[in-house]
Structures are given as C-alpha cells and as structure tokens.
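A short worksheet on the structure shown next.
Chain nomenclature is as follows: A, B, C and D, assigned in order of appearance, with residue numbering initiated at 1 for each chain independently.
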Amino acid sequence: MATGATPYPILAVLGPARASAEECAVAERVGAAAAAAGWVVLTGGGPGVMEAASRGAVAAGGLSVGILPNAAAAPPYPNPWVMIPIFTGAGSARNAFNVLSARLCVAVGGGPGTLSEIALALKAGVPVWCWRSWRIEPSPDSSPPLPRVFASVEELLAELHRHLASDSTSNIERLND
Amino acid sequence: MATGATPYPILAVLGPARASAEECAVAERVGAAAAAAGWVVLTGGGPGVMEAASRGAVAAGGLSVGILPNAAAAPPYPNPWVMIPIFTGAGSARNAFNVLSARLCVAVGGGPGTLSEIALALKAGVPVWCWRSWRIEPSPDSSPPLPRVFASVEELLAELHRHLASDSTSNIERLND
Amino acid sequence: MATGATPYPILAVLGPARASAEECAVAERVGAAAAAAGWVVLTGGGPGVMEAASRGAVAAGGLSVGILPNAAAAPPYPNPWVMIPIFTGAGSARNAFNVLSARLCVAVGGGPGTLSEIALALKAGVPVWCWRSWRIEPSPDSSPPLPRVFASVEELLAELHRHLASDSTSNIERLND
Amino acid sequence: MATGATPYPILAVLGPARASAEECAVAERVGAAAAAAGWVVLTGGGPGVMEAASRGAVAAGGLSVGILPNAAAAPPYPNPWVMIPIFTGAGSARNAFNVLSARLCVAVGGGPGTLSEIALALKAGVPVWCWRSWRIEPSPDSSPPLPRVFASVEELLAELHRHLASDSTSNIERLND
C-alpha cells in the first residue's frame, strides 16, 4: 500500500507584469523547460513575464500555479494560463509565498515587486537565477547570499536544463503522459 | 492557437489536525469524490482530516494542493499526500487563503481553526457544507449566509456527487487519463 | 540606565462594520474603559463597532490602533478615530493579526468576519468575551476553549473593569497624563 | 464635538537583526529624531537596527511600534523597546506590512530582509532613504522609483530633521507633553 505521493518540484518564475517581448519569450522558454522536466511552474499569476511562463508550461504539457494578490478574479489576475489559481487577497504579502515553495527561482526582468521576491528568496535560502533583472550589491556590513546572474539566454537555458534534469528528488511523470 | 488553459475547479476540505477515525474516513471519501470528478482538492496540508482528504484525492488519480502555515517542511506539515505544497509561513493567516480559491468548502469535524475557515468562507461568499462540524448562530443584529449542515454522510456524499458533476465550468480531464 | 520599555496591554474589540446603535454604544464604552485603564484599544480599523471602540478610546485619552485590510487609506478604512493605522493590504488574512496581539478580545455583535476573529482568538489561546455576538457549539469530537458569553451589558462592563484593573503587568500611565 | 483623531505620522526604520555598532548608533539617532518630531517609529520589532531605532524613540519620549513575524513573544522578538507589539505570525510576509503604514522609510545597513522591505516600499510608492544599505540597479527594461542614497550620516540626519519638521499633516503633540 502506498504511503504517500511525491510532491512536484516547483520552479518559480519571477518577473514584472509589464515586460518586453524578449523578456516574455525567455520566460516562456523557462516555463516550457521546467514543465518538460516534470516541474510545476509557479508564478504570481499576473500578465507579462508571469503569463508567458505559465503559457510555456501549459504548452509543454505541464502544470501552472498562480499565487494571486487578489481575493477573487480581477483581470489581468489570473492570466489565462494559470491552471491552479490560489487566491490570497494578501496583496504584496503574497510575494513572500511565491518563493517559499520553490526549489529554484528564475527572475526575468523586473520592477520593485520582482526585487522583493528576489530578496525574499535569498532570505529563505532558495537559489535565484537572474536574467536581465536587478543588479544588487549588499551593504558593506553584510554578506548575504546573492543571485546568480546570467548574461546570455543560451547559458541560462543550458544551465536550467542541466539543473532540472539532475534534480533526483522528482520522480513524477509528465502530466499528460 | 489556444488562448488559455481552463483552471481546475477547486474543492477545499476543512477540518482538524486531530480527527476521529470516522471523520478521516468521511474526508477521504470527499477527497476521492472530488478528484474523480476532475476537481483539485485543496487543504491546509496537515494531518487528520487534511491528510485523509488528500489521500483520497491521490488514490482517485487526482491532484492535492496543501496551503501550509509554515515556511518550510516541518512534520506533520505537509502530510505525505500533498502533491503541490504551497508554503506561506503565514501561520493562521493562511486560513484565509484556504477558502478563497475554492468553489465549495466541505468541513468535517473541527476545532477553532476550522471554525475560522468556515467563517472566512462565508465572508467571501464561498458555499460551505458541514458534517459533524460547528453549529453556529449569528448575532441577533446580523443575518449572514450560513453553512449547509448535513446530518448523514450518505446525504453529504450524494449531494456532493450531484454538485461536482453539474459544475459545467470544468472541462478538464482527469489527470491520469 | 533603562533596559526597556513596558509594552502596553492591548484590548482588541471585534465587531462588524454594519452595527446597530446599541452595539456601537456598547463598543464605545468598552473602548473607553480600556483606555481609562491604560490599555491600548486595537480594532480592524473600519466603521461600525470598530469605529465606536476607537472613538471611546480616544475620548478617554487613550490610544487606538487599527489593523487595516487595505494597503492604503480607502474610506471607510481607516475610520476617523484610528490614531495608529497599520496598513497590511492582506485582506481577510489580517483578521488573524487582530487577535494575536491582544490580551483580551471583546466581541460585540458580528457577521462572518467577527466569527473568524473569535475563532482565531480561541485558536491562539486569547480569551474572548462576547456580547450579542455568535453562539457557537463545537463539533462532537472536539472540545476547544469557548468564548465567555455575557447576557447583560452591565455584567460585561463590570467584569471588564475588574479585569483591566487587576492586570498587574501594565504600569504605563495614561497617555495624556 | 470632535469628529476624529489625527493619525500619527509613521517613520519606518528598516535594517538587519545583526548590525554593526555604527549602524545601531545611526538607527538610534534616526528613531530619536522621529520621536522628537512627534512621529511614531515603526520597525520589524527585532534586535539590531530595529531595537536601536525603538530605543531611540522611547528615550526621546516617543512611541515605538513593532510588527512582528511571530505569533507570540519569542526572544529576541519583540525587542525590549517595543511599546506596541503587533504580532502577525505571518513570517516574512510581514515585511510588506512594515512599509505600507510609513510616510517615510529609512534603511540602515541590511541583509535580504531589508532589501525586500526597500523593494516593497518602492512598489507601494513610499519614499526610502538609505545609509550603508543595498546598492541596487533596476533591469534594463524597467525604470522604477529608486531609494535616495546618503553617503554621510550628518547629511541623512539633517535632511531627516528638515523633512520631519516640514510634514504639515502632523499636529500631534509629543506624547509626554
């Protein structure tokens, strides 16, 4: 008799509601790569980078979760590619929830909300990979963990593929298999 | 080209970490019924009623989400049947999140935490069905919506089957199909 | 040299935004009694019972704190008698915060939001006194702490005066002394 | 007859639990300056910079509020200089609440938690002044508001005095007058 289910590994994609076409294209590839490797893609559930990552996940046959700041649907939250919308009504406090469930966060672009999520991930000890996102330098008296910064999309995706494949704790088959 | 994914309908099962064998058996049947109808089963992710409902969902080939009060795994949170653990670190504030995402809440047994979730669901306009849970009467000056109380398990499950089947907004196939 | 400040004891007044004149009158007396005894009065910061309790506290020379569901002022939140508005943007999740800081909660009237606060206070082990509020009975399998129910205003206020005066941990002078 | 109370203006002091002696000395002066001008000093309620700012406020005859991540007292939260402890149990989600209530945030030093608060303040449109804190540069596609960075303590305090005095919305007398 089974004694439990194996939880899905979760990749959080962080990024702004207003994003450039290039940022969205990268986010979509990140979401697709995660889903293809059997990971669930989690975002803040809104437009822009969040929508692109979710669309990538769904197109690759995966599962997209959105952790929403609002208490009920109010366009553009959730975006049309969120399969499991988790409404919190918690406003920006939900930024903390976005990162705690993730094994890895990938930030693509970003305004202040994304910066807060990068910081909250670092605080929680969740690794953060950045492409075209904030450049940050800690205070002189502090030496916290810092994000890993990728200069090229190709390098980001190559590393991501390696990382997703090597994470041995995931034994979940792809959803649509 | 697709313009979006259809979100899963979500059933939240509310109930205590310390539950009787009978309460757990009922919660497991509720979780299984929801999963069999293509709904995602959402709980607070802990032991007792939450674990039983999640186990029922997984056994029926469905998907279980747990919205956890803690910021990282700390037994007995999440229970072994949570497939998508959402860590919040928000303590009892997460009780509000448990109900906002649900189309229907079913409360089985319950201590004060369950009562708070019943109340928060009523406040949010989410219907609540109760079996062996709190009996509540509002203040003389207030006439809020109240839970629907079921005296028998059979009646609860029969109504639940009807309700789950008739919810036409769900067109998602079962996960393992 | 001083080694610290003594924290104010906090009384939370719980109750609905839409309240009867009698409920508001009672809440105002509760707020005034607390302030007169050197306690800070904490509410959800809105209209109705929350406003009346805050007004009572201010009129008695005390201090009123409001824990607001919104992220910024949006009438009727905060009400005009909140001296220290704490904006959370957390929606109904802030109901959990309203009770955790209190040594005693007094519920006057109430809809579902008040019920959730009563339940969250019971869960946190904070004593709750009720007047004209919810009548609740736990599930057959559970025996949680329950609120203390007062049938008469006079009895409520007499007990409150006794309780506020006997709480020896407060040595703060009234604010306007 | 009075129609309301004037809310206190609130200064939030952001900074790490582990802080250098110099950072603490600066935070204490910031807290004292705010209190002397009739502002309430709000912090996350912990040790380090938070404690120093609270101590400065109390020593100057003012009021200190702490928004705590925990649900109940657990040393070193709250620090001994918090006069109004607001327990949230919300973990890092409380970082969002720390900044929403403030008219001005001053960050002194800082690890990832402080960075998240700086970011959340920028997102909410609350001005942030930094001394020895994070240096941040937004993504190439984004131009969010940025903190004001002070190189010298003297300049920070001079500007702070000017700002606190010129904020005409505060007509509250100092607490101990």
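By our rule, a contact is a pair of C-beta atoms (placed from the backbone, for glycine too) under 8 Å apart; a residue touches a chain by one contact, two chains touch by 3 or more.
Every value quoted in this text rests on a predicted model; they were computed, and no experiment measured them.
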> Expressed in steps between touching chains, what is the minimal separation of subunit A and subunit C?
Replying inline: 1
> So which one's got more C-beta contacts, A-B or A-D?
Replying inline: A-D
>> Please tell me the distance, in whole Å, between the geometric centres of subunit B and subunit D computed from their C-alpha atoms.
In response: 40
> Rounded to the nearest whole Å, what is the centre-to-centre distance of subunit A and subunit D, using the mean of the C-alpha atoms as each centre?
Replying inline: 30
> Could you state the distance in Å from the CA-based centre of subunit A to that of subunit B?
Replying inline: 26
> Of all residues in subunit D, which are in touch with two or more distinct other chains?
Replying inline: 71, 88-93, 96-97, 100, 124
> Quick one: in the complex, what on subunit A touches subunit C?
Replying inline: 71, 88-93
> Taking the complex as given, what residues does subunit D use to touch subunit A?
Replying inline: 16, 18-20, 23, 90-97, 100, 109-116, 118-120, 122-124, 132-142, 144-145
> Okay, in this complex, where on subunit A does subunit B touch?
Replying inline: 2-8, 10, 40, 54, 58-59, 63-65, 67, 71-72, 78, 80-90, 93, 96-97, 100-101, 124, 175
